[in-house]
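Sharing a structure below in structure tokens format, with a few things to ask.
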Amino acid sequence: MTGKVGFVGLGIMGRPMARNLLAAGYELVVHNRSRGKAEGLAEEGASVADNPKEVAESCETVITMLSDSPQVEEVLAGENGVFEGVGEGALLVDMSTISPVVAKELAAEARERGASMLDAPVSGGEPGAEAGTLSIMVGGSVENFDRAQPLFEVMGTTVVHVGDSGTGQVVKACNQIVVALTIEAVSEALVLGSKAGVDPAKVIEVLSGGMAGNKVMEVRGEKFLKHEFDPGFKLELHRKDLGIALAAGREYGVPLPVTGIVDQVLEALVAKGLGAKDHSAILTFIEDLAQHKIGEGS
Amino acid sequence: MTGKVGFVGLGIMGRPMARNLLAAGYELVVHNRSRGKAEGLAEEGASVADNPKEVAESCETVITMLSDSPQVEEVLAGENGVFEGVGEGALLVDMSTISPVVAKELAAEARERGASMLDAPVSGGEPGAEAGTLSIMVGGSVENFDRAQPLFEVMGTTVVHVGDSGTGQVVKACNQIVVALTIEAVSEALVLGSKAGVDPAKVIEVLSGGMAGNKVMEVRGEKFLKHEFDPGFKLELHRKDLGIALAAGREYGVPLPVTGIVDQVLEALVAKGLGAKDHSAILTFIEDLAQHKIGEGS
Amino acid sequence: MTGKVGFVGLGIMGRPMARNLLAAGYELVVHNRSRGKAEGLAEEGASVADNPKEVAESCETVITMLSDSPQVEEVLAGENGVFEGVGEGALLVDMSTISPVVAKELAAEARERGASMLDAPVSGGEPGAEAGTLSIMVGGSVENFDRAQPLFEVMGTTVVHVGDSGTGQVVKACNQIVVALTIEAVSEALVLGSKAGVDPAKVIEVLSGGMAGNKVMEVRGEKFLKHEFDPGFKLELHRKDLGIALAAGREYGVPLPVTGIVDQVLEALVAKGLGAKDHSAILTFIEDLAQHKIGEGS
Amino acid sequence: MTGKVGFVGLGIMGRPMARNLLAAGYELVVHNRSRGKAEGLAEEGASVADNPKEVAESCETVITMLSDSPQVEEVLAGENGVFEGVGEGALLVDMSTISPVVAKELAAEARERGASMLDAPVSGGEPGAEAGTLSIMVGGSVENFDRAQPLFEVMGTTVVHVGDSGTGQVVKACNQIVVALTIEAVSEALVLGSKAGVDPAKVIEVLSGGMAGNKVMEVRGEKFLKHEFDPGFKLELHRKDLGIALAAGREYGVPLPVTGIVDQVLEALVAKGLGAKDHSAILTFIEDLAQHKIGEGS
């Protein structure tokens, strides 16, 4: 892949991803709503564009990394948006986590303008973005996947083509379901164990050895045990993602009973003002129900 | 640990566990309600006793491996039970999965008779029992844990002392919560992914690489994808175990909202006649709700 | 209230409501997307307008009765919509069931154009619309409520002003929560009772006499007992309404755990193809889980 | 019905029920575990027996009104229990709320001793017990129901024979499901309405007029609006009753998904120390989740 690469959206995730592309030698044209963040990257060699349209005019490939469906729609289809500047044959790569339905619609719109689009949401959070070790799940044609592959390999380690347009977002939704429900499961287990007199560290140790073993206990175990809930991955973002999953369930006709309940748990935690904490703070929901803080005697 | 070892309960799990002890050179006295199973072991060198009392009279250590709390209560405290024959200083090791409350009560009764007791439930299923690779979570005193250690090492690979009497059962309940909820989580994800057009094998592949990764997908992935639900671990046993977990939650004052829902899912599957299938058949519950069999187009 | 009254949306509900206004002597200007339904009313004395803008140009009061938020937004704020034709001082009365948030936004837009708006959703279904016995819950200013009162009294019997703009929709959402959860509650009770050997008619009889008594058993009792699920109120509309309620919960920060679960139950029934059945068909969800049809022995 | 009537269990419910029988002219022999309560009734004309056996020896009919299954089993089948003193042809009437399975077993035991048994749980609470206006749901033979009818008519106003032994308890379980789920439903509606800016009294007023109408809002409306949670019916008793319902669901193969969730809500409230409050305090669970007290602005 040659030519300039555009990058719109330089937030917590986008910034380190763009920086990794710069470091790998790509010529970058960046844009961010609040210009300050773009200028930071300019010092590292990126050009700054005034709006997404300008980005699209000068780049064959445009990556977007934004917070939710409406933002992606605005940046692509809004005034001075990417679609206004996009050239024949261009490749748009949306790495935001958004609705699979919106992702499909935008891909169709891109096609009408002679461009192509991939939905390529990631998991791995800020640390993964910085280290270039994200997991990237990609929906769209195989050809376009192959075109974007060199870029993906700079930003992530596990890069999988999962199907047609929208399916990257579908798999991301699946991922967020399993992570949220696993945190809930571990929370119920830890509070039961601890209030019944077992050291919660023992619970994690034993469960990790068998079929109950999961990555959540491995990666978030310390947070649970120390009640240290700095994000990591913000609870309010996970709630947004479950909202996407439930809307996808509705769209595709898939009832998701336990996801529906856990979504309300996240809702309650956000109402309690914990939206900016790590999603492992789901533990405190069960602790509140049981009136027991794990590790504090029974 | 020297002297004869008693073993009561030679079912699917107990039989291979006892056989491993025999193979390791232990002198075994066995008993099973239906005598046939005991006699099978006699051919391999075990002595057969007429009832649990006789077992206790001739052994310093007695292991029990039964189906549920009432069976353990009967074998220990019933007529011709272990308690009638137990000698001063004997060690009782219950490896069944039962109520933590019952486990504590039986340990107290054992103490009154000058004996000691450990609750030492296992996970790992029939394959683990046969291979001697069970996980064993042990509640009781450290001294008694040390006494039983040589036996545990014959039957399992991960052997952890988790606390006082009853805590082995507590940790087992925690384990069963996490496994059941993880199967539910993976099921919701797989059906959403598949009905939205993604190959379910891709969903498992991608999710396994990140924070959604878990042992359930690793060990049960094939069952999900092939709808091959021979047990493994029977759904009706998992339902029994969630019943124990919910009763423990009630006893210790720990609300378990999602466990409560998944228990009803298992209830529905048992009502459908799937109790003898593998617990991974939870997948079919979500498939029925969505009217979609994973892997069959969308 | 004098002057012509506009009425946009002549579906199952809107048509009999408009007809009642005609019968009460109001001069009506009507519009419907598919013109046929409007012409039916023309024979009864209504004038037919080509689009919502025309309706608004000739009427001081415009009632809308449409299926969901997007339709109301289109009719009011779309091309040739009401807002294009609305005069200073006009009163818009939206009687559709839509998002409270959208209702508030539209009311604000109306104000900017010098007009006023009430949200006035109804309950009581087609029979109530025909008989003029709807319940009408109204959000907006007291003055506007008083202005619309004569019209409401033609269409309904219980007409309550519940607060500012949007609150009519909020109360409607509350109503739909309670109705859906009551149907679920009665369904769980009926299937438990019947499978345990009790005549389900007896269950309804006894429960109706005490604190478990509710209007659902009174109005839907026969449907439950005879498995006669012609609507009444369509399941898929109730699902739409729970979607509005859950979105409102999200907007206002109110977790609704049981509503969240029952929403997934409705989702499952729609996936089974029962969306056009009466909402009392929720019963069949529990019957399927229990593999038992009420009234058919135990 | 002639002859003496025995009454065992003179708690909050039993005492006024017994007193009504005395007032109606019945000759009563009473027993209570703590003798004081029995002696209070002696002053009003009752004879006091030392134990249930003595009661049974002197009475053709024996009523029991106790807290749960184990207490009823003890009073009937325990040492110096009713079964030891019961005569051929006697009629036992258990009016406690217990497990339907236990009720059936006890009825079978009674039959073996030549006696008969009815399960006849009540609803209506302390006020209903005092006023003699209880609802009584009766399981057992029609003949025995007819025999006990005169007694029932003294204690209750709605008296319904619902089927064979155990079915009275089944219907009571159904009743408790519907009441608990209705309180939950009303709570979700009230908190949503209030936090979104509607006066909760308006919500109750409007909902009461239509299909959402129920007895819970009528009888408990004031408690909700004033946060006045003196019982009424204690939350911890309702939790006991849902435990019976869920166990019955398990026994008869009826999944009860929403009952399963609401049971955990009650569990959480008991863990918060609200077990002795009225069951309408379920409202505070949703209020806590939403961080909003109804009626206090939005």
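Which chain is which? They are A, B, C and D, in the order written, and residues in each are numbered from 1.
In this text, a contact is a pair of C-beta atoms (placed from the backbone, for glycine too) under 8 Å apart; a residue touches a chain by one contact, two chains touch by 3 or more.
Computed from a prediction, not measured in an experiment: that's the story for all the values here.
Chain centres were defined as the mean of their Cα atoms; on that basis the chain farthest from chain C turns out to be B. Separating the centre of chain A from that of chain C, both taken as means of CA atoms, is a distance of 37 Å. For the pair chain B and chain C, the distance between C-alpha centroids works out to 52 Å.
Residues of chain B found to touch two or more other chains are 249, 253-257, 261, 264-265, 267-268, 271, 289-291. If each chain is drawn as a node and touching chains are joined, the picture has every node linked to every other.
Listed in rising order, the residues of chain B touching chain A in the complex are 100, 123-124, 135, 137, 158, 160, 162-164, 166-167, 170-171, 173-175, 177-179, 181-182, 184-186, 188-193, 195-199, 202-203, 205-207, 209-216, 219, 245, 248-249, 251-259, 261-262, 265, 286, 289-292, 298. Residues 257, 261, 264, 267-268, 271-273, 288-291 of chain B are the ones touching chain C in the complex.
Residue ranges on chain C touching chain A, taken from their complex, read 243, 249-250, 253-257, 260-261, 263-265, 267-268, 270-271.
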